[in-house]
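First up is the structure itself, then whatever we jot down about it.
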């Protein structure tokens, strides 16, 4: 029986954790199998949840979130017969499958769309906890925006410096208001359930927003430009499907592997013009082919554009 | 900082101060009657959940508000029973109520909605909509005053206006009505009220009930106006900041307005700017977060005027030992 | 009313009421209370692994419970256990990270000292304000909990976070600070205890702390003075007991005890300092002290009960759809009935005993 | 019985078979009382006899467990104070029931406001107060805050409250305890005035002189029971005292003349200012020699408590205090300890508030204040509880504390026995100086004799004793010298044989002796 552990922010954050949940649910629906899951309430619980699941013989154990990294390093060694999958950070152990995504690539594409949809030439970014991973989102996004409109302004805000920043919709809403006041008319939220507040405010104020991780277009139909999807659901689904024989190692999933992308569905089809799609698809092809390199913030902790 | 930014921050201040103000006035009625209440947080939380839950199910924010107030009143009734009828320790009762609300809201939310302790997002009539005051659009072009009226004064939700209106109302009730006189008396000297032939128990329950209603509005505002739904622990310590504001205000309504606006302003600034650069010295965001609490300690230490709580506060009224 | 009734019967009846209501809550959310209890019992007591977690939590609660209890003896309501334990964690982290400790036997006393000092220091300001300026200690300790959270947050995010790490947490402590777990301690006696469970040598320190607190409060002059002050301040002044000294002493001991909890959770379990490591144990200490009637032995028993609840609740959350918050509800009910509504139980019992006595007379 | 004189007139108040228990304490037991309209009825009784309880029942503050109340002939449940007020009863409590931060006006209208809004009530009350002030010489500033008023004024407000409620029956519970003789005389004039207007007054007091002076009838309570009701004109203080305590009262104490030795206590220019900034001791100088008792007489509240406080170390003051020639540091932090070290033993005025920790067991109380003594320690860290218990048992036997069980909490001893525990603790130290406040307050006559004997014995053994008491009898019978305090000053000194109650009374009122 496989197991899934959600990070703080909770299973129904409409975003990262929910993507993991959807993957597990898909596996359940298709195979009729069952799985164990737990939502963390605190940092201190990480170890207990991991160990308890491993003790109980669950296999594989999937955990969603970089914050499990240091705990997993320790626990993995104690349970050599259990396979672990961790998402968003690298852990090197013989029984760990570590998956990272090229979020900068996906963010680049939605950045392009934001720049094309913006009338004011000012777009916004609301990040969750201020960590390099989120800077990576922001940097990819800014590069995409500037690629379309070098004169555009990208307003960037982080919600906080602790995990609480993933679950603070009020603050997300206030940051969105501030950005709108500064002229932003498209805002990209990469902030877990904090982003729900951003999208809500954007919709209330009649501007466009961009969702993250899961496809969030349906949250406010006709008002969410697109979503930068990160196929965490796929990673969970595949891990569950592979079961205990899950291949371990370190994997980076980008546009080429369809690990990231942008969402197009009935909720945003009126917002996305044909030329937008054409431009974005072209960029995507160039990135996949290697012609276009989007800078990854985490390689040097710096971003070439502001 | 330009004018628009200032307006933005003040606008944000008003929104963030509203739940603090409502909770602070709630605490004011209760504590003026001699019932200390560190359970403001719990009452708000209970109300936030039930208002969001009922609004989500019925699609009516008004039913939601009613449910929120009812939930808060139930908590108030527990506190009242513990501290008035059973002469228990008011602080412990408050602590218990905070725990109770934190636990029950998530447990019930999970049972009802299976969304990890949240309610579904509220849409349309299930939320309080911003109210555009008359002439707001027309006056907008007027320099200075126009934007102030349009951005800052107009365009808030109903509970915001209600909260601000409650300040003069509370003042008037406390100082100009029979009920207010008795309420203040029972917090200072319950035996004086008792020997004057007025029921101490009834007066205190009335005060606790008012506290419940106001906390209920505060919680409903959080869940159905400021946000669109309930999430676990969404009050995030606002009940304690309201308590801090109450001490800051020395248990007076107008000062409560000032204190909550100040704390709301601090929150607005902390929200807007992660680290504030004051000409070389960078103030980390954590300082802004902690400022209300630090200020309260400074006030309590009596360095900025002494805050003397109602004399009979915190003590059960015991006639016969 | 006889003393045993006050000490045993009332908490017991209160507890039964709290658990009865909790069972109703479980029923109301469509689960089976009997199955839930069974799962909690097996999850918290059914194996050495389960015991390991139960005792681990109990250790935390013994420290915070003792902290509240000692302050209660001086009639001070220390709600600041949470913040004091947080700062205790900081003390432990600084000590464990600052030196290359060769062996835990050296690191442990140093870390314990650091934890106690930091915890006591965090209690010192509210204590001093209470003693000299009459600032209500309940409010100041609540405020200090929030301030502690901000301080720790700042330090973990901006100062103590290792370069390149995304978690707001310190680096892992060096292996020389690794405390022996109950597994290690019991192995020489041929007892096989789970390796995975976090209960460690700190549990023994907690028991020693109970004995020490008992000695201090009931066998020393300081304890005598603390109790006298707690019962009557005018009498204490008459006897030449200095209130400032007593308030400071009681709160420093209380803060040190709360801080000592960090030896268990920070040094013994996580081996690094993370945000929110205290997890509400400071507040649970209030319930533990109330149930334990502020006596170390009572605190010990109540801490075991809460350790059981906590671990049992975690198991419930793992294996059923009952959210972990159910335990928070049970805690709340226990606090409510044993702390705030005890007169509800006492009044009828008192009447009963009076009637019994009259009947016999 | 008093009613006999009234003929067919309907009694203003009739109580029948009133009983009231507070937990295990039976405060009132089957009490009946009849008071005729237009009379002043006195109630006397020892502390704890149940006087206040009975009156509080009449006023609806407590609910009787059993019994019947009739007001003006009509049965009346008096379920709460509101009902009592409606029945025309007003009460001035022993402990005032005023809202301190409120103004006089607000206190007066509280509970009898004329509607939902305050403004009309306040206006009406202002007018009414003015009229009452003129009618009864009861002047107070209607806008003054209660907390700013002195006790005499507060009492006036209480009386005004009752009159504003148009009380026909006025109950006053120990109104003169806090008043100077002049203030008390003024109060009695007011009461006479009220009586002449047909109002009925019940007056509780400990002072038999007042009973004799103003009441028409008097009832005596003892241990929760009503033992007698008499026409004042047909009784005497001696008879009342005997009824109060249940046996013949010895008014005289046999003692040897004092043989004073060296000066033990020398106080010069002692000053104490309280937290409100009021100077309570204004330069007191006195001395006590070994083997003599100096009695301090005075109306309560004239600085005696502060004198005891500074000497005992619970208050700070300025000036010089020497014990056997050595000066005491009046600003010391652990003052109580340094006083004990200097040889001062202190029996405080309020044993339940200061002298004892009510929840502590007898043995814990027996070392209270002396818990640092080497005799109490087992080693450097721990106390020697077994030795303390043994010592306590022995002392309890010697001081006839009943029951002589060291493991009972102080709370469960009766008042007299609690006082014996305190005395045993302080006297057994063989102190150079014993300062003692109200040694026999609330103590029955048997215990009073015992305590007095102990004090004399201590004096004869060569200790210096400073005795503060509001009971003039006690002062007169125990003291070798008497100093009278008024308004924070010593008004003068007398030898007991060369003075009397009248002379001391004038000094206590500040009308004789050293002027400012």
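Going by the order they are written in, the chains are A, B, C and D; count residues from 1 in each one.
Assume contacts are C-beta pairs under 8 Å (C-beta built on N, C-alpha and C of every residue); 3 or more make two chains touch, one makes a residue touch a chain.
Here's who's who by UniProt: B, C = ABC transporter permease; D = ATP-binding cassette domain-containing protein.
None of the values given here were measured: they were computed from a predicted structure.
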item	value
Most heavily contacting chain pair (counted by C-beta pairs in contact)	B-C
Gap in Å, rounded to a whole number, between the CA centres of chain C and chain A	38
Inter-centroid spacing, chain D versus chain B (mean Cα positions, whole Å)	47
Centre-to-centre distance between chain B and chain A (centres being mean Cα positions), rounded to whole Å	35
Gap in Å, rounded to a whole number, between the CA centres of chain C and chain B	30
Interface hub residues of chain B, defined as touching at least two other chains	117, 232
Multi-chain contact residues (two or more partners), chain A	161
Multi-chain contact sites of chain C, meaning residues that touch two or more partners	153, 157-158
Interchain pairs in contact, sorted by label	A-B, A-C, B-C, B-D, C-D
In the complex, chain B residues that touch chain C	38, 78, 81-83, 86-93, 95-100, 102-108, 110-111, 117, 232, 237, 240, 243-244, 247, 284, 286-287, 289-290, 293-294, 296-297, 300-302, 309
Chain A partner contacts - residues on chain B that touch it in the complex	4-5, 7-8, 11-12, 15-16, 115-118, 121, 222, 226-228, 231-232, 234, 236, 268, 271-272, 274, 285
Chain C residues touching chain B - in the complex, by the definition given at the top	25, 28-30, 77, 79, 125-126, 129, 133-136, 138-140, 142-144, 146-147, 150-151, 153-154, 157-158, 283, 286, 290, 321-323, 325-333, 335-336, 339-344, 347
Chain D-touching residues of chain B, taken from the complex the two chains share	175-182, 184-185, 188-189, 191-199, 311, 319-321
Chain C residues within the chain A interface of the complex	49, 53, 153, 157-158, 165-169, 172, 195-196, 198, 265, 269-270, 272, 274-277, 279, 314-315, 317-319, 324
